[in-house]
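Note that the chains take the letters A, B, C and D in the order they are written out, and that residue 1 is the start of every chain.
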Amino acid sequence: MIEEGDRVLLIGPKREYYLRAGPGKFGSDAGEIELSDLIGKEPGDEIRTHLGKVFSIRVPRPPDLFTHGKRSGAPMLPKDIGMVIAYTGMNRRDRVLDAGTGSGVAAIYFGGIAASVDTYEIRPEFARLAEKNIADARLDNVRVHPEDFLTATGSFDIVHLDMMIQPDHVAHAHSLLVPGGFFATYTPFFEQTFGVIDAATELFAGEVHCYECMERELTRSARGTRPSTRVAHSGFLTIARK
Amino acid sequence: MIEEGDRVLLIGPKREYYLRAGPGKFGSDAGEIELSDLIGKEPGDEIRTHLGKVFSIRVPRPPDLFTHGKRSGAPMLPKDIGMVIAYTGMNRRDRVLDAGTGSGVAAIYFGGIAASVDTYEIRPEFARLAEKNIADARLDNVRVHPEDFLTATGSFDIVHLDMMIQPDHVAHAHSLLVPGGFFATYTPFFEQTFGVIDAATELFAGEVHCYECMERELTRSARGTRPSTRVAHSGFLTIARK
Amino acid sequence: MIEEGDRVLLIGPKREYYLRAGPGKFGSDAGEIELSDLIGKEPGDEIRTHLGKVFSIRVPRPPDLFTHGKRSGAPMLPKDIGMVIAYTGMNRRDRVLDAGTGSGVAAIYFGGIAASVDTYEIRPEFARLAEKNIADARLDNVRVHPEDFLTATGSFDIVHLDMMIQPDHVAHAHSLLVPGGFFATYTPFFEQTFGVIDAATELFAGEVHCYECMERELTRSARGTRPSTRVAHSGFLTIARK
Amino acid sequence: MIEEGDRVLLIGPKREYYLRAGPGKFGSDAGEIELSDLIGKEPGDEIRTHLGKVFSIRVPRPPDLFTHGKRSGAPMLPKDIGMVIAYTGMNRRDRVLDAGTGSGVAAIYFGGIAASVDTYEIRPEFARLAEKNIADARLDNVRVHPEDFLTATGSFDIVHLDMMIQPDHVAHAHSLLVPGGFFATYTPFFEQTFGVIDAATELFAGEVHCYECMERELTRSARGTRPSTRVAHSGFLTIARK
């Protein structure tokens, strides 16, 4: 049931709107809706504007937050977040440490899966933005630390870094992991990636693997089917096991 | 704490062994271990063979089950499972329906994340194998149905198919989804993929996207760093939203 | 030595200009040059504007014609032209038939290599454009036929098609080839590509191969080195041998 | 017309044989052929074994030499040779310098196109092997120099290196090129590639580009069409213009 302050998607025939249940009005060329009328509704319910146009109510899922949430910098793409989840086998038993929170995209995906997520972001304005996005995702198991990752303490099953990584970050990650735990990093440039591989190879017992996921979309139209003319390079994923 | 019948990994300096705590002995050239001695241990504890060699005890994570579990046919690769998780935003609130269970690899990954997984496998010998693998993963929220997917009933947030897909499978998936729910398919061949895109485009309200993830490993050695000489094609992921 | 009417590149410190030796003046913010002064110069010579700025004289090579020539539609990219040359082993002994001339890009590359090129273009305005571009490339061994490929006659070592291809085009290509000759096609869509593969597999004695070349640029800057964020999909090359 | 000593391909219904016209006999389970009987034949002619089996006669093209010639080390793949030809616009007017000859594969492709090819190979046994392969290709415009590339003199339109490259090699290449000439290198590892890019960026007037061509085959069978499960990484092509 939707409560006051919850994020809600209104899905119309052509467009969708990312709103918040509570005080105020939402208006489009389809008419107006009182946002307080959303309180108490269930996902899948419909609501009508004063002009009688129908919208379907949806509770946002992580991909909606990726699309509609406020971002900063270059967030990790879903494909790369998915690779981290799969290669670490992230699941509900896991305590996850994340650093380089940015706007919180990865922390939100991880928070929907893991037992707990502690995410470190040294830039205060990003930490505040991430807190808002995480609150919108109704996740109470994700804690944003507006601090340097090197100050992190505790014991974790997975440590994930999306930031400029120095060898002491790799050593600190290693010290925070349980035996068998996974270290995962995302780095866009080769030089950094090579540095992470070298530092991890020295410290971690298990093999260190580095992957790139080149994602390509298939486009199907009346003219025919072809690979999309673009493939986005994003970055490299390095995975090491303690 | 490890209980009788639990799967355990013993990690030695060079090799690792996938065993079961309980009756019997395990022997290698490093010496023998009574498998009942594993009961009551914690992950990270050590155990010694009768020759005094030390092994570290680990509780398997999903990637271990992918590596060591009994397989059948061509299981989905972690990269593709990760894409399904990320593009659907799979999380602990989700009821997931999976079909084409195979040896249960995807169901095990999903089971560690979602509230519940119902997985349909029409071939009885695969359904039995999947049940064993799922039990080894200590997942009590995954239920294997040794039946045709077209008999599935209920209401789901995500429907995932890894099987030969006909248009009526797409229609049935659509009927099982809540509004805003995701349909995800994995298909190795173009022809099937085109058929899925067409059937989904007709039925689903949201956009239909089809992705391929070309994963490539970076190999770093004394001679230098280079992309691995192989990229595995696996299949295409089609994602549609109700 | 540059003659009247020849295409010339003037290379300045920041920009280059694609001009024609002969009557008229060329002016830029670096000053003016009489285009007749280019006649009699050698590639590598320098020429000064009336303001004393120096330009280096260059005779265009095929990549310059690709960059500066007038184009129409979507010309084949150099990477794909290079694949055709390499997989057919195109060389100075070859009589090449090309169809779907477009603006003549492929015909110009082939013309610099093969003994002769006959290129068929059914659209008269493209045939005229190609003739101009080929004349600018100073190639007297390339003949543009403003006609349907199905009217082509003769005996060829290589037949290359970049056009909408029907089975009768494949059969006609086969009939024009010498034993051991190569048939090469460029098709952007899967459906067409599959049709070509099927028609060629039926007719050609040798194996039929279909390749895609995903080209990616490496970008190196002060921040580091990374793959370019774009990979252009262009089309598929099908190669069959008689 | 085939002369004594020429390489010849005999094409049977299932297999092909790479032979030399002249003294001796060739025998297979299809019967025997006197190799002197090949002299005077034309490509496309047929020849019968003493058992009456028919073979078709073919004069090898560069791809045949790639397939059947004696190799050493890891020759450049056709796709990469094709990229060099296309990005440099190699044509019959060009004087080409090649170094790191290996077994001569690139030199043979270039020799069929350019006015002349001088190829440097410091390892005497490779230089001898390349000479044999080049003679088999009936190319009299290719000269193998069993010497260090740094000793090369002359003036060239294209300099191509497939070897371990140091900054002084880049400087030497630059000194040998005409204005507007192209420098092209093939390097399998990132570290070397970065070094070449840096050295070339400092010396060459034009932009330096570095490409990777990820080639993938499409496989079409009764089960359906899919990308081949393998993509070969080979190396990076760096292209700079004087």
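We adopt the following convention: a residue touches a chain if its C-beta (ideal position, glycine included) is under 8 Å from a C-beta of that chain, and two chains touch if they have at least 3 such contacts.
The shown structure was predicted, so the numbers you read here are calculated from the model rather than taken from an experiment.
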{"item": "Where chain B and chain C overlap in contact partners, by chain label", "value": "A, D"}
{"item": "Longest centre-to-centre distance from chain D, chain (CA-based)", "value": "A"}
{"item": "Intercentroid distance (Cα basis), chain D paired with chain C, Å", "value": "21"}
{"item": "Inter-chain centre distance, chain A versus chain D - centres from mean C-alpha coordinates, in Å", "value": "49"}
{"item": "Chain centre separation (chain B, chain D; CA means) in Å", "value": "46"}
{"item": "Chain D residues counted as touching two or more neighbouring chains", "value": "190, 194, 212, 214, 216, 225, 227"}
{"item": "Residue ranges of chain C touching chain A (in the complex, touch as defined)", "value": "188-192, 212, 214, 216, 223-235"}
{"item": "Touching residues (chain side chain A, partner chain B) in the complex", "value": "9, 11, 43-44, 56, 58-59, 61-64, 66, 78-79, 81-93, 109, 112-113, 178-180, 182, 190, 193-194, 197-198, 201, 205, 209-218, 220, 225, 227, 236"}
